[in-house]
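Next, two complexes with subunit A in common: one pairs it with subunit B, the other with subunit C.
Showing the complex of A and B:
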């Protein structure tokens, strides 16, 4: 209890509170601007944290980390462009709702689902660290290269199965995304893959550049070439908290997505994507209106946003207890932990309990601050769709190019983004999904990296699945595929009758 | 047609905005490229340099991590090589970049990079799981005669990997297999991805009490590792040390190098950096351009010697 009080007291310092506020609201804005993203923002801020007190640095970066996914849902819902890669799935149902004039409802639902996912996982993660901290060392041993490879394969399978009507197309586009990650020079192995002598391609395609091109620029082109849609109207119904009220109508989807997000967030690197698609697929199988998924289903939106916001707090478990960062974002957080003199390890709860309480209480406060800010600004934010399409298109295009150029001050990146903008535009015109391309890049690079690292242990195919986690995941993959095939056959029979 | 013209005009305007940003160089932001994931010593120290640089010049300075995905520091090094020679992009490189880079045919020449200064010697170690059954190189050599031992490293061909293979050769044993990792930490051992890893002390700090450190790569034993001898003393290979320094591309003006060196030196002499040294076993110092060039020449010879041992010469 002393540690809890000390942790709380530490947060009540004026400069810490200010950092909380700046981090939370800053993260919201950063998440809402496609192309910047929390990783870039944290990377830019990291040098500045050297001059700030430890807790101030930490809550500033935590604010950005914890609130960016809230912000990322805004452009995903309103302009069909995810602010961060993990909001990509939100475009399916969120943007469809906006097209129906239900933008404010979609935003309110997204904030509420995110808030639930965030707070649920914070409380669960804190309890898990308090109760099971000393045993977590054994948990780390369960997640080797082969296990994380298999988790990425599960992510791929769930993604493809989530596109029930266009599975082959989704699989093909996922493959295209994987292919993109293979481009580049393999220095130590002495060969180049798919660079065709173009020097600029030696360092491969930057994920953020491709995302900005394929989502933001293609949307900009789409808006600029298309007609202005005068029929837009926004229906504002209910008070500020109607999103939370509506969330209560879908308790099963909300609860399950929160649990998936928290459990899968523990898997380093692939958590949010696997959790999202698992939640989405489960929500659809439980829904009375599965046909609405991908066309403006509130349940689909809830599944996506609850699961992805449950991940940041859950990702703190392997980071704090095992010293295992899943990706760049959590790795940068670890730098701040080191600077603060906190050594991640299974005994962290015994050694630095007040730090842990400060961290998780800060995450809770961030969630509260963000949701309050968003609830009060929904009406204003939703009016973004009243901006004429062509202005919006030009605005997105300028922002996207400036964002892409600022990543590494490289003009070639702008050219690459423009090319992917045209690819995205063609996909949109064909009404093919964009998300599989991005997930092909994210999960594809994890698969290649982990398979390469684990290659020494893989002599036959069975070596891939002879570990507890990888074996279980392989069984889950087979069960999920079988379940979807059975349901497709049943659907087919029902239609024929 | 009107639509297409509007579209073209908007695209040109947007691109123009981006080009204008480029025209501000070299007064624009300075990027320090660290070709590894964040969190290790070179990352922490380079971030301190970037922060001091920003404070000293008033120009934004940031660190960008470019892990090589099994290709070690080279993808990041090539990014620096492609950058303009005006100090806007600075590399924070391990010795492998100037020493191994020119010999693997990827476009890095002997004189592609100019050292601004060397500032860090890693506490680099070979470690195995606590229940591996061996706790020094002789025991590992005996174990490897009858058992498969898999090595995890940061990249085949990199100096610490070579030192490990050369030691194995001299001690008459072989690794059954090896894999390159971006990150070699406690989890690599506990999850069984590798039996022996060569990595820096910072990355295995959380589990130091439950693993075996077999040897450290360097000239002297590391103070905080009780009873652990150097790989050189245990195997007979040379005493090559693993270091990190700041580099710019050939043709970068001397004033830029001098400014970077001034900030780098002041950073390494700061209390903060020296405290890091005391707490972690890393050696933090500053060697200027001339000294660094001499060191690179000496270490190139040592690296070639290791390659010769591996080749059986």
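Showing the complex of A and C:
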């Protein structure tokens, strides 16, 4: 209880409150403008967070992360263009509702469903913290280097398996990302790896520089080389308040989607897409009017928006509990933790429980702030949808420079970012996933660091899995791999029939 | 004169009115002699399954080959660039070996190389199937798109270099205006918006957040001492 109160007090600092407001409103706008998205915004803002206090930085980034999907629903519903990639499913029913003159109803349903999804997962996490907090403090003792190594391996396996149709690409990019992070002088023995005699490479590639290049610069190039979307017209008449209460008419869909979003968010590497897919499919099978799904079904809209907004808070759980980020955005937040000197992992429950409470309460406040802001400013935000793509690209590039240069005041970093931007641009064009590169860098460095740290206690290979946690995780890894392989074989047989 | 618009969407089966097939686009048009203008944009449907579908795009084979080349290069470099040459492989204690610098690269290469090889094989098989179906090979078109991006990367490098000469404020404003002009927004309105937005972004990042930018700037060094100091601190 003390930790909860301290956590709340931490948030009352003026700087933190301002970060909450800027993050929430900024995330809304960023989400609403197709072409930016939270990953790019966070990549650009990451270097700025180095100069800010740790809680302020995290709250700012959480604001963007938590509110961008709310904003992304606006263009998805009004002009059939998802503001963020995870809002793609929202277009399915939301835009159909707009076409039959129910735009405000669709928006209100999306906002209330998102709010429900967000608060459900936050309250679940908070309840878990309060109920199990005292026990979680002892968790630190159970987690040694080998256990965290195995948790990182599990994260890698889940990430690769989650890219069902691009597993080899995801694995290759993960390995590539891992190699990138190993470039430079090794801290233990001082050996320079993969530097090829280039002096600038001795200090290695900076994670933020690579993130800005691969996410922000690549998107800038993608937008500038591409074409502007044709101008679209928005029809938007009526208020939003009435639609908010409509969510109560669909309790089953709402509850199940919230649970799916929370569970899928907790599993590293899975994320919003799978959560939405399962929620949508389940809602359809439960519905009395399944034929309306895809043609403007309120239940379909609720399923997708509830599930995707339940993910951000849930995704923080593996990051904080195990120090294992599940996707790009939490990987970027991990960078802020590193800069702040806070090591996410089981120890955090003992060392800074108030910090954990601050983060989850901040997410709760963000959800409230965002819904209030949306009720009064949807029309204003909707106007930003029409910023031309290529114009946007120029400014993403300008912001990217700030991000890259400010880290080490180094021109070489700008060249590195440009190089990774080019690689990221090609990956985007080929529709290869970008996330494995970043997770390869983050999880790869955790894997190597923890393996080295625990090496003195390893005599044989079995020592890697002879602890309760690492042994359990190893079994989970084998079960997951076996399950996916079986389902792939079954799918293959079904296709060949 | 026939008015087809009489049936309101709400009075009909919504599934029939939602799809924007050419047929119902015609139903919505009038025969007044004016061109058709839609009320709301035409529907571009997303399929749930499409969210997870992956199809190999043009240029995939070439990039898969480059990807494999990179993997092979890094794998070959492993022997000279990872500390493998100075390896110590004790027979009794595995942990001693795991502390050595080559372990991390070995794990990374062990993931990267087979995956790149497998991906190339799949891409090659896809390309062969496409060739058999006489699908056009547009790799050259795709390479041109990749090369087009290099132009913008060059501008980015020039921009970062010019900051050391004329300062962050002027470099950003000039870069924004020129880029917007280059991309075809050639009216004063767009150039003005670009200038204003770039100015605000400098105010936000440099003046307010005090983000580090180059400080030894040739142009600022030509200014009177007080003004130079002011420009260096805030712009």
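Please note the rule applied: the second predicted complex is superposed on the first by the 262 of 497 C-alpha atoms of A that agree within 3 Å, B and C clash if a C-alpha of one lies under 4 Å from a C-alpha of the other, contacts with A are read in each partner's own complex, and residues count from 1 in each chain.
Methods note: contacts are C-beta pairs under 8 Å (C-beta built on N, C-alpha and C of every residue); 3 or more make two chains touch, one makes a residue touch a chain.
Model, not experiment: these values are computed from the prediction.
A.B. asks: Quick check on the superposed pair: does A:199 touch subunit B, subunit C, both, or neither? Answer first, second, both or neither.
C.D. replies: Touch partner of A:199: subunit B, not subunit C.
A.B. asks: Of subunit B and subunit C, which one contacts the greater number of residues in subunit A?
C.D. replies: The partner making contact with more of subunit A's residues is C.
A.B. asks: For A:144, is the partner it touches subunit B (first), subunit C (second), both, or none of the two (neither)?
C.D. replies: first
A.B. asks: Just to be sure I read the superposition right, which of the two partners does A:186 touch: subunit B = first, subunit C = second, or both, or neither?
C.D. replies: both
A.B. asks: Could you tell me if A:402 is touching subunit B, subunit C, both of them or neither one (first, second, both, neither)?
C.D. replies: both
A.B. asks: Pick one for A:414: touches subunit B only (first), subunit C only (second), both, or neither.
C.D. replies: both
A.B. asks: Just to be sure I read the superposition right, which of the two partners does A:166 touch: subunit B = first, subunit C = second, or both, or neither?
C.D. replies: second
A.B. asks: Considering only the touch criterion stated at the top, classify A:452 as touching first (subunit B), second (subunit C), both, or neither.
C.D. replies: After superposing on A, A:452 lies in contact with both subunit B and subunit C.
A.B. asks: From the superposed pair, tell me which subunit A residues show up as contacts to subunit B and also as contacts to subunit C.
C.D. replies: On subunit A, the residues that contact subunit B in one structure and subunit C in the other are 47-48, 51, 186, 188-189, 221, 224-225, 390, 393-394, 397-398, 400-402, 405-406, 409, 411, 414, 418, 448, 452, 454-457.
A.B. asks: Touching residues of subunit A toward subunit C in the complex: what are they?
C.D. replies: 47-48, 51, 79-80, 82, 88-89, 91-92, 95-96, 98-101, 164-166, 168-169, 171-172, 174-176, 178-179, 182, 186, 188-189, 191, 193-196, 217, 220-221, 224-225, 232-235, 273, 276-277, 280-281, 291, 294-296, 388, 390-391, 393-395, 397-402, 405-406, 409, 411, 414-415, 418, 421-422, 425-426, 429-431, 440, 444, 447-448, 451-452, 454-461, 463
A.B. asks: Going by the contact rule at the top, pick out the subunit C residues touching subunit A in the complex.
C.D. replies: 9-10, 14-15, 17-18, 38-41, 43-46, 48, 51-57, 59-60, 63, 67, 70-71, 74, 77, 81-83, 86, 92-96, 98-101, 103-105, 107-113, 115-116, 118-119, 122, 142, 145-146, 148-150, 152-153, 156-157, 159-161, 163, 172, 175-176, 179-180, 183-185, 190, 193-194, 197-198, 201, 205, 209-214
A.B. asks: Which residues of subunit A touch subunit B once you look at their complex with the stated criterion?
C.D. replies: Residues 43-44, 46-48, 50-51, 137, 140-145, 147, 184-190, 199-200, 202-204, 221, 224-225, 322-325, 328, 331-332, 334-335, 338-339, 343-346, 390, 393-394, 397-398, 400-402, 404-406, 408-409, 411, 414, 418, 445, 448-449, 452-457.
A.B. asks: Which residues of subunit B touch subunit A in their complex?
C.D. replies: 3, 6-7, 10-11, 13-15, 17-19, 21-22, 25, 28-29, 31, 37-39, 43-44, 47-48, 50-51, 54-55, 60-66, 68-72, 74-75, 78-79, 82, 88, 104-106, 150, 152, 155-158, 176-182, 185-187, 190-194, 202, 205-207, 210, 272
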